[in-house]
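What follows is subunit A paired twice: with subunit B in the first complex and subunit C in the second.
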Partner chain A sequence: MRHQHVWMVPIMIVLGMVMALTPAAHAEVYKLALSLAITGPTSDAGNPYSKGVEDYIRYVNDTKLLKGDTVSCPIRDDQYQTDITKRNFEDFLADGIVLYLNYSTGSTLALKRDFEEEKIPVIPASFHAGNLEDSNYIFLPIATYSSQCIGLAEYIVANHKGDTPKVAMFIHPSAFGRGPVEDVQKAVAAGLKMDIVEVVEHGKDLDNTAMLQRLVSKQVRYVLSQTVQSPVATLLKDAQRLGLIAKQFGEEGKLTFLGAHYTGGNDLIELAGTAAEGYYWTTSYTLTSEPGEGTTFQLMLAKKYGRDDKTANSHNYTNGMMVAQLAVETIRRVKAKGEKVTRASLYNELNAMNGNNAYSPGNTVGPVTYSPTDHAGVDTLQIYSVKQGAFHSVGKPFIPAFVAKIKK
Partner chain B sequence: MAYFLQLVISGIVVGSIYALSGLGFVLIYKSSRVLNIAHGQIIASGAFITYALTVWLEIPLYISFFISMGATFFLAMSVERVFLRRLIGEPIISVIMVTIGLMSILDGIIYLTPFGSVNYSFPEFFPKTPVNIGPATISWTQLVGLIITFVLIGLFSWFFKRSTVGISMRAVSDDQFASMSVGISVPRVFGLAWAMAGMSAAAAGGIIGNITGLNFETLHAFGIIVFPVVILGGLDSIIGAVVAGIIMGLIQQFASGYLDGKWGLNGTADVLPYVILLVILLFKPHGLFGTHEIERV
Partner chain C sequence: MSANRWFATGNFFSAYRDEQRIFTTHLDRAIFITFLAALFIWPLCFEVSSKYMLVLDNILIAMVAIIGLNLVTGFAGLISIGHAAFVGVGAYTLALLARTIGDSHVIITHAWPLMLLACGAMGAVFGGFVGLPALRLKHLYLAIATLSFQMIFQWTINFLPLFNQGQTIPVGRVFWFTGEVSRRDHYFFWYYVTLTIVVIFGLSVRNLLRTRYGRSLVAVRDNDRAADAMGMHPGLTKVYAFGLAGFFAGVAGGLHAYLYRGVGIESFMLHQSITYLAMAIVGGLGTLTGAFFGPAAIRLLDLQVENLVGWSAQFLPATMNLATALKPLTFGLVIVLFLMFEPRGIANWWRICRVYIKLWPFRY
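Now for the complex of A and B:
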């Protein structure tokens, strides 16, 4: 009897090993990758963005959201330098990635041809409309900078009292800043009733007095910014000192300041202090200053992975998290169809993300929709304004009407 | 007239901050003929130290400001002692390359801290209501910055003209071998020049950080932005830095106020200072107040 038990032991061990290894043998690892500026210029946005991506991918793996399968997403710093981004991208390709997450406008434009040659779907953090020109594989997560600026321009026109509103654009001296100018001008040519009096490319200005007074002398009432937070904060502080910030939207003789995605968020309030009060900002993301299902999940995620409050409440953390959600959801849908997860199947699935297949990640103000002819994800925008040190919604989410008009 | 006056005042404020930022270049070049390319990083470090002391350790701002000047005094002195002292007598290009390397090292160290990728802002210490000077206005932050700038520049000028150490620094600047022969320690003078440059950089960083907010990219860019100022003033002249700083500040404000937006012009405030710099250097290659060295062979 004792001998019978002894010979069963190795059989049990082998059986146990087979059972333990069987699911692993079927488990897939889907390879994504992200290259972005964790250090260097714009790292104030890149850092929370990378944490958003990292945390969501960890969450997917920890909670087995893809059943037994896992997602790997190495994140590399490119210091906002295109040559480093290219090198990172080539390394990632050699590693066999099926979807790539990029960051800057410059590198997305520079690598556009590489993405085409590799036939790899790419989701960048840059919302530059030019990314989509002559490109099949780039998918923007939310509305383009052009759409955002046109949306703000439409808001100006809809809420301005009096004659045709006079607007100045305050832009970053780069492709990122200049991108939307032409599209806003096209919207004006297509019938949006406002005058673009001046387009100002800023430098590292310590004092904007001359520029602000020049704009007021030209009866400009609105300053529409497409840049990053720091120069906007200096501009707002100077306007506050000169008593030029409008107390009500469009107040005569004063300036009402508005800006696109990367000009706003909590960082602007941190940098500009009380001068940020009354600043109008647009993005397609929901904000933690207005709790909802998506923001509750975001705060839970940040807490779960030990992020500080500043990161947890950053719209760039939301941004990174949403991009990771989008990538994982696309993988999940391909899997659900019983197809193999490849660059081609992910590309097709992204293009099919519309109508009933539109995707709502929960932290955007509208659904993500793509089609073979539309690679801008969330078309909907929400306008926010700073009230008592926090951004709050102004009106309902909307899709700028002139975006479609200027495409015709 | 009110507009003109406002531009003049804004130009003087901006120019004096340029002068203070550029002072570090001058102090080092004046004594050692070295251009410190990492000056912007020291400006940023000074601002971050002031912030950390003020906000995280809750030390009053004016005390933090002086402590941070002390900290950068020793930081810059250590940098000189560790990296640059052994390069005395080596070709100038080697020394400049070391300061470029130093810039990368300081960048890397700052990126390891929260300041590398997070924006911060000093608490609002000063009244929000501006100070009126006739029809023109100036913020309290700018006014305090202006006063600190002129006090520090005055102190440095006095130090170089009247104090024994200052005179010995000028002597080293004029002739290192002659200075050594009368018992002046040249390495000690170099160390002190770096330390004082560090101190002035911290002061500049604190003032700029109060105006723009604490963004590393913005702060360290001032190391480069003020370069034309010190070239125009003459690399070894404190008074040159002040005059050139104010000239640059005024040119920027007038260009922005009177040229931008007209005749299709834009961004002249960024370009015109360089154009004027080139024109002046054509006639005065050593800058407005720089030493014209005559080498006899």
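Now for the complex of A and C:
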């Protein structure tokens, strides 16, 4: 009897092995890639951004969010150099990526034609409106810098008491900084009642006394910044030393400082200290200083992968995490439709992310929406202000009205 | 000269003309031709990814630029800290034309060899102009003058709308006899073009150094008053050294613009000038072969450090910041070590190897 069943043993083993290996054989690896500045200029933002992407992808794979399929997302440092970004991009292409995460404004503009030729969807960390010109494959995660600056300008006009508010713009000397100036000017021409008195391109100045005194002498009350944190911190410290920071919004004879996404965050408070009090900032992301569902998840994720408090609370970490969420969600939706995950299917799915298909990652103040004619993700903005060493919401999330008006 | 032109084991020159030969033996010539043939043939035999072709193209373009820098700094002894700006002049010549007539205009896409020459010519004009202070200035003071040019260049490009304020200005795809060079063939195409230019420029400079114009560069470097007394014109020599260096840099800039299909200010900043200088030092100042070794060594070092960082990041993601710091650290360390222990650069190792092989099996 026993001998009659011996022949079944190897068959059972083979069957067992086949069954064990079957899911693995069908498991797909979806390849994404990120090239960004982990060292060099803007690495203070790039560093937590990369960790946000890395942690979320690890989380997706660890928790089997894609039902056995995994996502691979190598992250390369390009030191903010377009030449290196291009090399990284070529390497990623050879590896067969289906979606690419880019970083800087300069490299996004420089590689735009490559993205078009390769027909690969790209989500950059740059929210420069120019990225979307003559481009079909670039998808910005949140509102453009132009929208952010127009949103802040609208806030100034809505809350200013007295005559037409006089505003100066303090910008980074690059495409990243200059981009929104023209759009704010267009908004003014379209009826936004404010005067742009001066546009200052900052250098690496360690003292802004002369500039601040000049602005005050021109009766400027608001300084709208579109740059990174460190020059804003220097500006705020100088204004504090000169006693020029407004205690209330729009205080006469003083300056109220406002800025777009990359000017703010906890890094600014750390750099400027008490001079950051009363600084107005806008972004489309939620902040850990105001706990909610999205921020709780963010802090859990950072803790799970051993990140320090600074990284866990960084809005750039949120930024990276959200971009990874967006990429994974697009993959999930393509899979749910039973389609093969390719560049083309991801591109189509991103373009269909609107109406009932809009995506809410939880850490933004509004849904991510794309369409074939609109590649700016979250249109909604939230204004925050520093109170007692932390950013807190001011008013409700809003969509700047003049953004649509200047497009007409 | 040795009786046997194939296997001479020493330098037995009997006439000055013998000493000036490009190849001292037939074997030298045969090896050079074989090596050159291998450089042209190997991409047809092996599959190379676009990434590595891009790296190779970059190395070759840097070689074109360094041949020029070596002329002005190595042979003529005039320190130039603004070489990236000269490369930028070439690139922006093409970019400006592309911006004016359209990046896919037939002049840009079809007449690209002429465009490269135009880029070189513009580089030469700017080089000659910047070289004028060399008539009055020397050493550190001249270095500051070239640094000033770098700063003026950066400011001009960054602030003038004409140059798109430093943002990328696109340049169209070029055409070859077979039609438009596709994205797939892009890096291979520019490999062959740049390699051809490197060979032509290399041989040209080798020939130049055999002429009185070439020798006057070295004479002015060693002692310009003595050169003057010998009937040379030190001022003219210095200006033409800058002009010639500007020409090579301009061509390199044109190649860079075509390779990247666009021009942005980032590639021509001061740090790039420093990198060029480092390439010239590591390769070996005042030697033609140094202009080939330097770019290859620095670019490959960069790549290897990047690979090391990538490899270590797989195991130590938390220490990624520390790992990426390796790149600037190794770059600085290599320069310092070369300056301390081998100021004559890799070219000197090459010379030692050649002499050793030439005399082998006898002792060096």
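Here is the rule we go by: the second predicted complex is superposed on the first by the 399 of 408 C-alpha atoms of A that agree within 3 Å, B and C clash if a C-alpha of one lies under 4 Å from a C-alpha of the other, contacts with A are read in each partner's own complex, and residues count from 1 in each chain.
One rule holds in what follows: contacts are C-beta pairs under 8 Å (C-beta built on N, C-alpha and C of every residue); 3 or more make two chains touch, one makes a residue touch a chain.
Values in this document were obtained by computation on a predicted structure and should not be read as measured data.
Trainee: Compare subunit B and subunit C by how many residues of subunit A each one touches, and report the one with more.
Mentor: Comparing subunit B with subunit C, the partner touching more subunit A residues is B.
Trainee: Return first, second, both or neither, reflecting whether A:399 touches subunit B, subunit C, both chains, or no partner chain.
Mentor: In the superposed model, A:399 contacts neither subunit B nor subunit C.
Trainee: Figure out whether A:174 sits in contact with subunit B (first) or subunit C (second), or with both, or with neither.
Mentor: second
Trainee: Tell me the contact category for A:190 with respect to subunit B and subunit C: first, second, both or neither.
Mentor: In the superposition, A:190 touches no partner, neither subunit B nor subunit C.
Trainee: Classify the contacts of A:306 with the two partner chains as first (subunit B alone), second (subunit C alone), both, or neither.
Mentor: So A:306 only meets subunit C here.
Trainee: In the overlay, answer first, second, both or neither for which of subunit B and subunit C A:47 touches.
Mentor: Once the two structures are laid over each other on A, A:47 reaches both partners.
Trainee: If we overlay the two complexes on their shared chain A, which of subunit B and subunit C does A:246 touch? Say first, second, both or neither.
Mentor: Neither subunit B nor subunit C is touched by A:246.
Trainee: Identify the partner contact of A:38: answer first if only subunit B is touched, second if only subunit C is, both if each is, neither if none is.
Mentor: After superposition on chain A, A:38 lies in contact with both partners, subunit B and subunit C.
Trainee: What is the contact status of A:113 with respect to subunit B (first) and subunit C (second): first, second, both, or neither?
Mentor: So A:113 only meets subunit C here.
Trainee: Thinking of the overlay built on chain A, is A:94 touched by subunit B (first), by subunit C (second), by both, or by neither?
Mentor: second
Trainee: Could you list which residues of subunit A make contact with subunit B in one structure and with subunit C in the other?
Mentor: 38-39, 47, 173
Trainee: Once bound in the complex, which stretches of subunit C touch subunit A?
Mentor: Within the complex, subunit C contacts subunit A at residues 49-51, 54-55, 58, 158-159, 165-168, 170, 183, 260-262, 264, 266-267, 306, 309-310, 313, 317-318, 320-321, 324-325, 327-328.
Trainee: Note which residues of subunit A are touching subunit B in the complex, please.
Mentor: 38-44, 46-47, 173, 197-201, 203-207, 209-211, 213-214, 217-218, 229-230, 233-234, 237, 240-243, 267, 270-274, 310
Trainee: Report the residues of subunit A in contact with subunit C in the complex, numbered from low to high.
Mentor: Answer in residue numbers: 38-39, 47, 50, 54, 74-77, 79, 81-83, 86-87, 90-91, 93-94, 106, 109-110, 113-114, 117-118, 130, 173-175, 178, 306.
Trainee: Can you list the subunit B residues touching subunit A in their complex?
Mentor: Per the stated touch rule, the residues are 3, 6-7, 10, 13-14, 17, 107, 111, 116-121, 124, 128, 130, 137-139, 142, 208, 211-213, 215-218, 221-222, 225, 252-254, 256-257, 260-261, 266-267, 269-270.
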